[in-house]
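Two complexes come next, and they have one chain in common, subunit A, joined by subunit B in the first and subunit C in the second.
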Partner chain A sequence: MISHPHHWLDQFIWLTSGLFLLCSFGLIAAAQVLGCLRVYVMQSALLTISVLLLAARYASTDLLAVAGIDIAAKIILIPWLLRRTARRAMIQRRELQLIISVPMSLLIALALTILAYYITAPLCHGQPQVIRAELPIGFAAVFIAIYTITIRREALPQMLGLLAIENGAFFASIVVAPTFPLIGEVAAAFDVLMVVLTLGVLSRRIHHISGSTEVGLLAELQED
Partner chain B sequence: MLLMIFINLLQVAVVMLLSPLAVGILNRWKERLAGKKGPSIFQTYRDIWKLFHKDQIISDQSSWVFRAAPYIYFAAPILVTLLIPVLTSYPLFFAFVGDMIGGGFVLAMGGFFFTLAAIDAANPYGAMGASRTRMVGFLAEPVFMVVFFTVCFVANSTIPYIVQQQWVHPITNFFSPAHILICTAFFMLILAETGKIPVDNPSGHFELAMIDESKSLEFSGAGAALMKWAGCMKFFVLLCILMNVLVAPWGLASKVSAVQIALAIPLIFLKLLVAVGAITIVEASLAKLRLFRITAFLGLAFVIAVAAVLTRMIAI
Partner chain C sequence: MPMSMPIWIIWLAPLLALGVAAVSHNVRVSGTAACAGALISFAMAGVLVFHVCHASAITAIPHWVGVNAFGSVVVLIETFGGFTAALFAMGALSRHSSDAHAQRQFWIWFNLFLLALFAIPLLQEIALVWLALTLTTLFSVFLVSFDGDPAAFEAGWKYALMTTLGAAVAVLGILMLYWALATTGSTDFSWSGLIAAAPRLPPTILNLAFLLILIGFGAKAALIPFHAWLPDAYSRAPFPICAMLSILESAAIPYVLLQLAGIANLTPHSTANDWMLLFGLVSAGGAALLIIQTHEYKRLFAYSTIENAGIILTAGAAATLHAREAAIWQILAHGVTKPLIFFAAGTIFLLTQRLRLADIRGLLSRTRWGGATFMAAGLAIAGAPPFAIFLSELAVLKSTIESPRPWIGAVLALFMIISFCAITYHLFRMVLGEPAAVDARAQRALTLPKLCTAAIIIAAIPVIVLGWYIPGPIIHGIHTAGQMLGGSMP
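The block that comes next holds the complex of A and B.
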């Protein structure tokens, strides 16, 4: 294996990636909508910390700007928008239903993590430690988020799953391409905001019409 | 060598004497956090003292298991204390008699006899609590195993004295995700094993919801005192493993000197208070889980422990 100069920040980047993976599991285990949102915000915060650490490591101002966008969009605006547009579904302290039980889902998520490590192994071979630490976990976060969307029966947690996919993809991409043009990040962040707004309004309509945001119940057509 | 045996026995004395205080402080802090006055931090000592002076009543329908259980349950944490670093960072006389897995088995043996005794007395709540404890126990078992495997993987050893050095030499190990994840998983295990709030409510007095408490309902007098004391010691020993072996091996005596060892006792206790504080916050801020949500809680602990192994695979 090619040895790379070891930066003292690498250890902390590695640590953040471990905690980031933990948040992905938390997204499956959270029992209430508010819990899901909190886990998502925590995951976004870890993503931001990771971006900041990478910015320090590569001495890149672009990444600093990305971190700023992250804080503004994911930690402040998205929770605020969701609380505004989907207030009623958010404050309901109802336990969420999963199609597959939580322990089983966690084991499947674990299998997905192993899969992520397996398929990124050829990509990581001989790369510096930052890439070996972050790339598989970014992939794992994407897989777990997709899985979360499939097992959740409610609109809001599904939406948070969608946002978590973006988090995971972002997490994997910042380390592979730290010099990615800033304009791309701005566009992505803006896109995410639009998605949240649209879906928030949509889920509000669903709630208004059917009295609940459980999309699992919307299996048949109603005529009137 | 005699000195090593002496320090080893000193460890046992420290655990025996300070463990009710740790539990007392936990109870006090929990009540304070809930806005109540709370019992004195020495209340646990008084309870144990009072129970020792009461008559012991044993059902004539029960067998020798019921009579022997308090002593076995009391001996288990003492045996484990001989194996783990409580005061010193260098191995003591009994250090190599058993490793972390051996310690786990000894504790499990105590728990096994406690469970048998609860069923033996034929109190319906005892059997219910016993079967629930077993349920939590077998869900916690794989997590224990994976935690020990990861520790083994990182430190190439399961002897606690060797493991504790591994996390700080080199210091980068301390910040590795495997370390943090393992500590998280083990902390969740302690909550489950000692019957703390997300799994069990230690201060609840409603028999149908009890897990840990209902097993000791039939014990009285000295038996109940031993059970209570042993419960405190088990809690103390598990916290010692968490703080001294897994989280931070600082504050331990590194030389065979009376001053260092005397200084280690308050330092260790301070360190344990940090863990007690963390448990207080968890207990005060969470609600007890429904019985069938416990699988989710321990499932999460299991996944965290396996994730620790996974992240370790890409070690530097």
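The block that comes next holds the complex of A and C.
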């Protein structure tokens, strides 16, 4: 096996990875819409820090630009757009319902994390330390976010789950493909904004019509 | 005129129509602009197919914008569907109760959707192809929930959530694909760049990337078991939108998946075909069973779209030249037939205001032309001769039976027979027999908007013609595309 030299920044990259994964668990446990949004912003911030650390490690200006896009899109624009399009649903101070209880969900999330390590093991074989640290965590974040969407009943937490998938995907990729063309990053950021805009408007209309954004309760269209 | 000119015009025409829809307050003007825009795009797509005959691929901006033989066939289907759907929508909207503002919005979203849809086969950079595919969802959400009632928004939400979820999984796959490419030292993330680097791509990464993209785009194409959004979205979306969604799911997405599988097959130890075969067969079989038990004719044809997407992927996975050609042929035949059946079903809805199969009996005795057209279109989609799908399904069966895995052909034949019987069973019950107790609403005007009739007549032309004769350039295009998917460079 090839031995890769340690870099003094690696310690911080591992730390950010751990905190990033913690945010995925936080997205399951958050009890209010605003809490979900805060966890999402925190996760985006950790993604950005991780990008910055990698930019320093690889002396890559591309990654600096990616960090800039992340800050602009995920930390500034998205929370702002969400607060604008879905203000009423956002400030409601009531407990969100989960289809599966939080402790059980956290256990399942743990299992998903192990699954992510299992799936990525063949990919990580013989790769540098940073890749072995970040790649499985990115996959785990994707799996946990998908799981979060399935157990949430309301529109906004589901949407934040979607955005968290994208975060996880990019967390996995920045380390393996730090030269990923900027156009891809721009495309993804553009897409994320469009998702927030479209789904935000949609959830507002649902709220306007039915008085709640509990999309999980809408069951008029079942095939009988 | 430079060879790449038609590519730009295909985009420019709906863009101009979008401008008209955004500025004009007259819905008829917006509708006419959308029809004209899509018609121009269709003409240019025809020119593209003709050009590709001679040049095998046309490049507008190297590595970014261009079209290959497969793409030119796909864009031809998309533009034809776009044109007829615009025509039908214009007619149907005149009977729709919605206000002018909602109708204006409809044309804005419709043109945006066409722009994204046409972009899929015309873009070469993979990240942008992914973006175009994702945007088709976001631009069609408000078309799906056009009716504006809670059920329509529920359908729109499910559709948006499930397909965006798919897109997010696909992005992970796309990024893994880029990683695989980067390990070879290349950064040319276009179809041709991937084909050039293919023999050196690491198989473990590539296999995972393909699986993630297949699952992600499979959710968007409503492949089973990711089809939960589909019954709701189709039963709420306007009929011309159903036609366009069908083209997206059974032409544009299989195009991307087959191209990717073609690249994966150039590497040793590729599992791409096995996964595609699994999803293809499960979708074709599952959809055939869903067709039997459905209660709405709109959903019936939605399930038939899944079945066809399954057949296409299965044929592509059989991995012989003839099977790949048959897959592309199936894309073409189904892509021109689906709009026709949704328009015919749309007229049935305009006349009866009913969606449930059980509510519709004896169409033929109430409206002779409407019933006969619906019958013919239904037989065409079921795969009866002398229509286009009959020939293409025959080609799929023949080529898969001759492939190294002949059991694929046998299983597919079984699924095709099940769905044929199920569709014709529902069809005969709707068209023949005594009409159900006629209520006051159904008694109302049994006339159709002229534009709807025109859309049906135009949409019927290729369905009939392709059942007898396939124009030379299209045969050539299908052949070149089949070869290219097999790895020979254009």
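FYI, the second predicted complex is superposed on the first by the 220 of 224 C-alpha atoms of A that agree within 3 Å, B and C clash if a C-alpha of one lies under 4 Å from a C-alpha of the other, contacts with A are read in each partner's own complex, and residues count from 1 in each chain.
Operating definition for what follows: a contact is a pair of C-beta atoms (placed from the backbone, for glycine too) under 8 Å apart; a residue touches a chain by one contact, two chains touch by 3 or more.
As the structure is a prediction and not an experimental result, all values here were calculated from the model.
K.L.:
Mind checking the superposed model to see whether subunit B and subunit C fit together on subunit A or clash?
P.N.:
By the criteria stated at the top, subunit C and subunit B fit after superposition, with no clash.
K.L.:
Once the shared chain is lined up, is A:L22 touching subunit B (first), subunit C (second), both, or neither of them?
P.N.:
A:L22 contacts subunit B only, not subunit C.
K.L.:
Could you let me know whether more residues of subunit A are touched by subunit B or by subunit C?
P.N.:
Partner with more touched residues of subunit A: C.
K.L.:
If we overlay the two complexes on their shared chain A, which of subunit B and subunit C does A:F170 touch? Say first, second, both or neither.
P.N.:
Only subunit C is touched by A:F170; subunit B is not.
K.L.:
Now for A:R205: first (subunit B), second (subunit C), both, or neither, which partner does it touch?
P.N.:
second
K.L.:
For A:Y147, is the partner it touches subunit B (first), subunit C (second), both, or none of the two (neither)?
P.N.:
neither
K.L.:
In the superposed arrangement, which partner chain does A:A109 touch: subunit B (first), subunit C (second), both, or neither?
P.N.:
First partner only, subunit B.
K.L.:
Kindly classify A:I119 by the partners it touches after superposition: subunit B alone (first), subunit C alone (second), both, or neither?
P.N.:
A:I119 sits against subunit C, while subunit B stays out of touch.
K.L.:
Look across subunit B and subunit C in the superposition and give the shortest C-alpha distance you find, in Å.
P.N.:
20
K.L.:
In the complex, go through subunit B and note every residue touching subunit A.
P.N.:
Touching subunit A from subunit B are residues 172, 175-178, 180-181, 184, 293, 295-296, 298-300, 302-304, 306-308, 310-311, 313-314, 316.
K.L.:
What part of subunit A is in contact with subunit C in the complex they form?
P.N.:
Per the stated touch rule, the residues are 119, 122-123, 138-139, 142, 146, 149, 155, 158-159, 162, 165-166, 168-170, 172-173, 176-177, 179-181, 183-184, 187-188, 190-191, 194-195, 198-199, 202-203, 205-206, 209-210, 215, 218, 220-221, 223-224.
K.L.:
Which residues of subunit C touch subunit A in their complex?
P.N.:
125, 127-128, 130-131, 134-135, 138, 141-142, 145, 149-151, 153-158, 160-161, 164-165, 167-169, 171-172, 174-176, 178-179, 182, 187, 189, 204-205, 208, 231-232, 235-236, 294-295, 299
K.L.:
Within their complex, state which residues of subunit A touch subunit B.
P.N.:
6, 10-12, 14-15, 17-19, 21-22, 25-26, 29, 31, 101-103, 106-107, 109-110, 113-114, 117, 124, 129, 132-133, 136-137
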